[in-house]
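The structure is given below, and queries will be raised subsequently.
Letters A, B, C and D mark the chains in the order given here, with residues in each chain numbered from 1 onward.
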């Protein structure tokens, strides 16, 4: 918590937060006179929804820069009035956009842990003891943030999209003037279904593996302070874009892909946003979960020495094959939580 | 103030500074034997104008690199004698130029807070208790810094501009050989007035939102030390250029746009610098203030828990709708200031 | 060891590790309840093979991003459906890929020292007192990591390779559609054998010279903390790619070149992977050792003031020309080790 | 001195160092058992020449990457076998090469202060109390380092130069296949002599102004630790290349231009290396001194509050116009030095 303490919030607020799946106390700087402000309605709401707001805005910033970079490069392709007379950016701009979008999003969303990605939240629950009841509201906040941000990008570039596609025309790849690729990912035409899945799977596994390394305080290569994490993440995301971004567009994130896809469907890109690439849309929803889980498993298997299911008997699978054992561990866990006053 | 103390300046200097709208004591390192130097005329001037000088030179450095990068890319477009035989830079160089220009400008202008942008100074007054009387002289210093720097860039590239446009000819887009775009921004021709305004508004809102996050000491994602701020700003400005820089040229700063525009008018680019794009020139003057205010408001609304008008009854609007209340708060504030000896 | 202590591992584990050439105690965070976990078979294996696992995965990550970037740029060359309509990356992407691959690999492999390169391990033994018995298992882990990672890259891009070369066709430069260059390096055709060797030699010497500077705690220019090292390494590798990467592809690493070359031979690129460029394959195996040794020697000769053979009589060559002296030094060394309980 | 102490060196060494213009005690880590090593001849030489060696190798590294990047881009222009099929790098690679070359050079040359540029050494003497007697040997080391490094770059790329120009042919711009631009700078043909001078002058002034800001411990914007300096320098040099690098090639450094120019003359580029561009060669020798002096003067005039001639009566010009005053100050200075035992 970097020098901050969880502030004693009023008991009604604690109940609300607990019901939402959050820790009863909000992560707020103690210096701030929260008590007085709790009299204001909106301040109470802000305290109750602190982490979801953080995830929402973190994802929002990520998508603004990410989708914004694709929009600028794609829509201005080959424009001769540009300085340098060849468009306002090249493919590399997209690596920059997503890389720095994630970096700045992590800065913005510091209060929630800055997952910005349901698959990473999922693996943090699975491998790193983040309580499972956090998952639903984080998930919702992430998808909504991505949905909203892609809407703003659409509004910002609507004149330009009209200019490129023709007024009111909206198409999806492989149309030659397709602009749907600004918002969500569409695979290269020569890929088999297996290759599509594998490409997303590999990129997601890399993502989780390296993030777990960067967040592992017992790895000697990693600075103990968290200060370097966002910059390292910039390089990681940049790298995924430059090295594994071609075949399927490195969605590696349900929120990043599904939110904007829904938005593009809503504004009129038509049913093809779902059917394109042989109903590709489910792959960037499912593959990131599989890939991140595998990547996290590999890290814990080979390197991690801290507390993880992989470091328990049967590598954590005892939970699955021996339900009585899982039940016993869970009860133990709940009992301990109650003792410590966390509901 | 990072370990520095405001030095006891002589009482005449204190009065001068106060009259200029500055804090009576200049932010100068105590180790420096200011007392002795105050006998020198110029040292007195330097102490009196410390923050305006910092803003002037910070903005100067920002514009030198920013306008310089546009000049180099635009004027050398397609030059075959370049290594790589396609000009001395591409559109991305401009993202680099502005990004690192702002970064280095912030390093240079550390003594004043390094706003470099009237809209950001304005929002710091509105949301972060920077005294309003600082605004005029900061504003002046920023515009003058941008004006001067663009003049130096013009002087540096005058041979090359003559080479590209023809001796003594100076044109404004959409002329094919226009070089006015080196100094200030001109919108893409297909944009409606609304899209022009919206594009500047969105980029400004993003700018202010992320800067408030990076400057928020109670945001857990942000390093407590200020050391990372300039580098993060590099990524932020780079991102605005790569993701929202095409349509209107991401001025997002009155000083950055109006200063150089005035300079280009003065050296003979003609009346078109004002009339181009349907008298576009007022948009990068007005939109940044609106956008930054909205971005700052969003941050305070959803994330900020410190002292801000948004965290007061009626979200600070009580000041507007109940003048008696505002009067009362203001008197309270002045009284406190007088007690603490700040005039 | 950055605040970690070598944990008392059980005596059978100590013996196993010692036999493998490793330090008897594994570098594991003391807080982790290793004792209990040592009852689990896999945890014991993980402790026994801690440093080889770190080297394996560090090299793996490096090759994933490095080879991945070459694959993406090479296979998507000129693709018109790309945003910007000219492929998914340019040569610079490859500098990014290798630079950030090494950076992230060093973060991952912190527990072993993160050499990722047999030549650097070799020079650390020669000049920096890393025990020679570490070399074989580090070497094996590095080559295996590179081999495995290049296999994953191949699997990921197999559809695309089929698309570019034709189904099941695999060729080696100078074939026009050659894709073997994704995995290992092939020299430019106009180079003489001497130039090939010299180019790898110079790049390797630069690599070792700058790494020794960055790791030299008595060099005033270098931050005392290790935190900056991975980022500096990014710039160093990026620079080698941008400045000395053309002629021979800057392998500068036996593991990086030989591992993937073996893999490409195994999957059917044919005997040409060895014979291409006049049986070039041995140069990136031998030259890095010569170059790194020379670079390390130069640094120690002109700048290093710490403990190094160069700072002993006859610049360390007394060991070579006077075997009795070497024998005496070695016995002294072994005796001291035994006293300190390191076997 | 970052936690290091100047080691008591033997009295004969102290005399040698003093005669060379260096501080009598070498900046060496106290932990290192220097006393014993002083028995070795080479160790004595290394201690005597510590700072010149540091400047030599720092400049060497800078030129290796800088000239190397130009060589790679220029010689591989348009090569179709490159991944991406358009050469191994574009103009931006050169910004990278010089930027990271300077950064890594500063890391390497930490023991001497890492000036790497006679004009910066000169301004440090003029404005920052670096003793003038350091200048000659630093100057020599810098020019020799640049000369040597450019020779190694030439040797590395000799096959490729033969390939591009024809065996044994070496030409200077404006020849179409000229490769002399790899080593030193040649101006664009449309520039007048004034523009040539002004361009180098402006870039040098920017360089010195920003470096003085980054090195000013009383500037609130600058981190107190030196750790960020090399990275900031990367951005500064990158920016000069991207924004002011076109017209004259941003030499801004006598050593960087004259050393390699001499080398290229020596290996047979002919008399044109001096006569090209209307005997341009003297401009990158003279303009950096003028520009850096002006830039340093501006910084001290408007921002610096520490000890500087500009902060003395008559802004330091009293020294020039009143020789008796200068004499008096100098005697005072020498007397103080003698008292403190520095000869």
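By our rule, a residue touches a chain if its C-beta (ideal position, glycine included) is under 8 Å from a C-beta of that chain, and two chains touch if they have at least 3 such contacts.
Bear in mind the structure is a predicted one, so any value in this text is a computation, not a measurement.
Trainee: I want to confirm something about chain C and chain D. Since they are copies of the same sequence, is their interface symmetric in residue numbering (over half shared, so same) or not (under half, so different)?
Mentor: different
Trainee: Quick check: superposing chain A onto chain C on C-alpha atoms, how many degrees is the rotation, to the nearest 5?
Mentor: In short, 90 degrees.
Trainee: Please identify the chain with the largest separation between its CA centroid and the CA centroid of chain A.
Mentor: Farthest chain from chain A, going by C-alpha centroids: D.
Trainee: Using mean CA coordinates as chain centres, what's the chain A-chain B distance in Å?
Mentor: 32
Trainee: How many angstrom between the C-alpha centroids of chain D and chain A?
Mentor: For chain A versus chain D, the centre distance works out to 45 Å.
Trainee: If you look at chain B, which of its residues touch at least two other chains?
Mentor: 87, 89-90, 92-93, 231
Trainee: Could you tell me which shape the graph of touching chains takes: line, ring, star, complete or other?
Mentor: ring
Trainee: Could you list each pair of chains that touch, in label order?
Mentor: Between chains, contact exists in these pairs: A-B, A-C, B-D, C-D.
Trainee: Over in the complex, which chain A residues touch chain B? Could you list them?
Mentor: The touching residues are 1-4, 27-29, 31-32, 34, 37, 40, 42-43, 46-47, 53-54, 56-57, 61, 64-66, 68-69, 71-72, 75-76, 81-90, 92-93, 96-97, 100-101, 103-104, 106-111, 114, 152, 155-160, 162-163, 225-227, 230-231, 234.
Trainee: Considering only the defined contacts, which chain D positions touch chain B in the complex?
Mentor: 70, 73-74, 77-78, 87, 89-95, 173-174, 181, 188, 190-192, 195, 198-199, 202, 206, 209-210, 213-214, 217-224, 228, 231-232, 235-236, 238-239, 242-247, 301-303, 305-307, 311-313, 315
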